[in-house]
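For clarity, chains are labelled A, B and C in written order, and residue numbers in each chain start from 1.
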Amino acid sequence: MAVRDTRVQPARHDALGLGPSDLLDMYYYLALARAIDERMWVLQRAGLVPFVISGQGHEGAQVAVMWAIDRGRDWLVPYYRSLAACLVKGMTPRDLMLGLFAREGDPSSGGRQMPAHWAHAGHRIFTTSSPVATQYLHAVGIAYAARVRGTGEIAVTSIGEGSTSQGDWHEAMNLAGIHRLPVVFMVENNRFAISVPTRLQMATDGVAVRAPGYGFPGVSVDGSDVLEVYGAAREAVRRARTGEGPTLIECRVERLTAHSSEDRQEKYRQTSDIEAARSKDPLVVFKHYLEQIGLLDEARYTEIHGRIKDAVTDATDYAESRPAPDPATVTRHVFFEG
Amino acid sequence: MAEMRYIDAIRLAMYEEMRRDERVLVLGEDVGLKGGVFGCTDGFYAEFGEARVLDTPLAESSIVGAAIGMAANGLIPIAEIQFSDFIHPAYNQIVSEAARIRYRSNGTFGCPITIRAPYGGGVEVHGGLYHSQSIEATFAHIPGLKVVTPYTAYDAKGLLKAAIRDPDPVLFLEHKRLYRLVRGDVPDDDYVVPIGPAVVRRPGSTLSLFAYGMMLHEALRAAEEVVTEGIDAEVVDLRTLRPLDVQTILASVRKTSKAMIVYEDNRFLGYGAEVAALIAEEAFDALDGPILRVAGLDVPAVPYADSLAAAFMPTSTKIADAVRRLAAY
Amino acid sequence: MPVEIKLPQLGESIHEGTIARWLKKPGDSIEKYEPLAEITTDKVNVEMPSPLGGVLVELLASEGETRPVGAPIALIDVAVPEGPAGSSEAPAADQPATTEPAAGRPVAAADAGAAPPAAVRGVRLSPLVRRLAEEHRIPHHVLETLRGSGAGGRITKEDILHYVADRDRVGAHTEPTPLVAPRSGDDVVKLSPVRRAIAQRMAQSKREIPHAYGVIETDMRAVVTWREAHKEAWRAREGVPLTYTAFFVAAACEALRAYPIVNSSWSEDGVIMRRAVNIGIGIAADEGLVVPVIHDADRLSLAGVARALDDLTGRARAGRLVLADIQGGTFTITNPGVFGSIWSMPIVVPGQAAILATDAIVKRAVVRDDAIAIRPMMHLGLSFDHRIFDGATAVQFLNHLKGWFEGFRDGR
């Protein structure tokens, strides 16, 4: 059946230059991110960790954008839902679980930050804070440095649609537009800033329309469609790499969970809306595509998910077995220590 | 060795560092063709080009936020805030971001940026409420941020070079009045004044005056004013407000037994409060009098009219009066 | 303008005073010479009149606090001169409104709060001075007598170091510091300001004055007989009782005229012969011994002495002595006899040469004309500063008194 579909409809991925191994790897990261995310909720509900904030529903867009960059050389300036992006960029399930448990060896912050404030110097994932939108200016600075130093690197940063109301977001768009900097601005629009809907966040229909006001293009794509996002990202990366300047990619995604473990979304969200969101789950959509083109049969599915289950179990057990950070380290790294 | 003005020493420090290390760049409002509203980057645009002498949009958060990103990716930015009064839109970028990057990344990222901010008021400054403020107490409170405020031309050059080379964020405060008031010998060679140590500018035995920036100037004048009255004041230039040179402060108090802190910022919860607390905690048994503060009034900022500005500012006369009272105590 | 009110010099050799009670509070108006505070010094409560009229702005010493003479104890804002009749003009700019609460000190750039903190206990000592005093083993009572060169008489670091240098130069002048500590079950009665003042003065006298003593016995029959015969009429005529003390004062005045050396003061420059004869009288008041002075007692008749005594005794016991009442004594009489003592050796009041103790008049068998007789007898004890005169003078002085009592005749 899948083979027949391929014949009937020329594969979209071929046009985007993605081969079967790309697609299967992308699926792996999507499913891995989801499995880790779900395990985090289980651990939180079991009382093993105090807090979780989720990226479920956003994974497809993140994997797609990260697939378009040079993962070794380019920069990621993430935000708190960028779990899948960080995995693609090089962080391991163990790295993420160490952060969740706040254990010794957590590469993001050494147990100092709340979970989901990912960072990794080796993988060029810049450290982030909780005040939103500050990271956009950092990405602009990173891109400026890449330009001045002539390294050819680009910077990708992401943010929720609510945070685009912050001044720093506009300042970053403005500065990047002025200097046509090599930066890709990603907005993951899941329609809720915790509880506040987009109609109370902006008068425009989405944020992509704002980009021309800063002198560069903005595109709005279906964030549940991995290939559509990838197509937009590929073009944005090309523009950045060739000196044409920044691009804003607004990914319309669904938030499949509450904002965080502290949130009860039923208070502000219709049950029907929550149910409908499931139909736009990028994991389901992408799996269906792979099945359609005959790339993902049951044996391969079982193999991939077996690897994922092992990786998640290993990461959980490993992080849980690690000691808490040594209290003596609380005063470390305020200033450079040589 | 050349005698030069404070502002020329600032300019020279940046010039030499940009010549020495091509990673160093300046960014801020009007730093380019105009050379800065005070002239601190005069001539830089022609010498180093637009990419390294960057006129930014009129947005302070951009200046600091972009500088943080530049530093993350291998540059050494000197961010100029045109007046310290305008630094507050960048507060979040300085406090939540720059100052915490090393700590929150467990030492895996750094933030080697220098933020220069002209500060201070007085009758000669004519700055009014928004071109006169002192901001050191606000920022010296923040762990992870170094705060420096030189008084001499020599220190201006040496400390600015140290700040630029420092692997951590440094807020470099320059009192606007000092720019063209203070002159001094500045060596041509490549020297740095380390961030941290204070220096005794005038040894004395009767009491210790702690000050920095413009107020050091006033404190030194006050000390000379009371000399004929048999009062021999020691004047200590703190220079670095964070990290603070605890040992020099305590050694001075243990010698003189009396302490006064002079600062232009608002008195309440000002920098002097920390110095006073330090002395009370660490040198209590050396005290032969109350620890005094001479500081700016607790009104929102320095008013514009000369009469009001004069009433606000601590001056050598006001300091000398307080010195006499403390000496007689 | 607020003016500092200083603790007055409450008498010679008085270095400090204790604020027993404030009679005005901040914000009160006070007229010139209106009582401002009760000050306790040596042995008396003194009502201190305000030297200025105005509004009391701030109290710089709290009740119970001891301050050196000359130390500021209050701020009074002098009254704003009244404008023309009917004028409602605001006070002139250089005379700030006086209604500002005491705590609301004017805010100024250089107002570094150098005014000493208002509430300090006892002698004001800085942390450094306290540490130095401890290191150099300077006992508290010595600290209290040190003259401070700092603001308001505060003892400074230099004062301590000078004291130590002087002391070390003089040599092994070690102050005995008896280690008296309460044991389990003991109670500690806090020293009242008066008790502390008495203690200081007595200790000072014993430290500085080499005491010597003389005691003789006198037959009081003539005095007792005369007094018994006349006291009712006396009371009716003079309005005051005729006490034995009046006789003692009268007798002492005459003896002092005969032996003026006894009415003198020791100083390193020489013995100061006092022209005036001002007799201090020890009186037991509720809070402790007080010594009001009968000035120029030698010019008074017996009746005059009796009236002065009655006045002083009454006011001393009511706690209403004024400053002048306790100043200027040149010789003191103490009368432990009223309590039954038959042999007393009192302590000379600092600054005087001698003190006379008159003991109880007791009927005893004595020999008169080779026969046993019963006579009212009394011991007269003289404690004196042996630096000023010797035992012979003391006994001659006592014998003069004895002659006065035994030869007493009607009409004196």
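One rule holds in what follows: a residue touches a chain if its C-beta (ideal position, glycine included) is under 8 Å from a C-beta of that chain, and two chains touch if they have at least 3 such contacts.
A quick note: this is a predicted structure, and the numbers were derived from the prediction, not measured.
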Which interface, named by its two chains, has the most contact pairs? A-B
Farthest chain (mean CA position) relative to chain B: C
CA centre of chain B versus CA centre of chain C: separation in Å? 60
Between chain B and chain A, distance of the C-alpha-averaged centres to the nearest whole Å: 42
Chain A and chain C have mean C-alpha positions lying a whole-number Å distance apart equal to 90
Applying the document's contact rule, which stretches of chain C touch chain B when the two form their complex? 107-110, 112-114, 116-117, 126-131, 150-151, 154, 156-157
In the complex with chain C, residue positions of chain B that touch it: 257, 260, 284-290, 292-298, 311-315, 317-319, 321-322, 325-326, 328-329
Parts of chain B lying in touch with chain A, wherever the complex brings them together: 23, 25, 51-52, 56-57, 59, 61-62, 65-75, 77, 89, 92-93, 96-97, 100-110, 143-144, 146, 166-168
As the complex stands, chain A meets chain B at residues 75, 77, 106-113, 117, 119-121, 126-127, 129-131, 134, 136-149, 151, 153, 155, 167-168, 171-172, 174-175, 178, 332-337
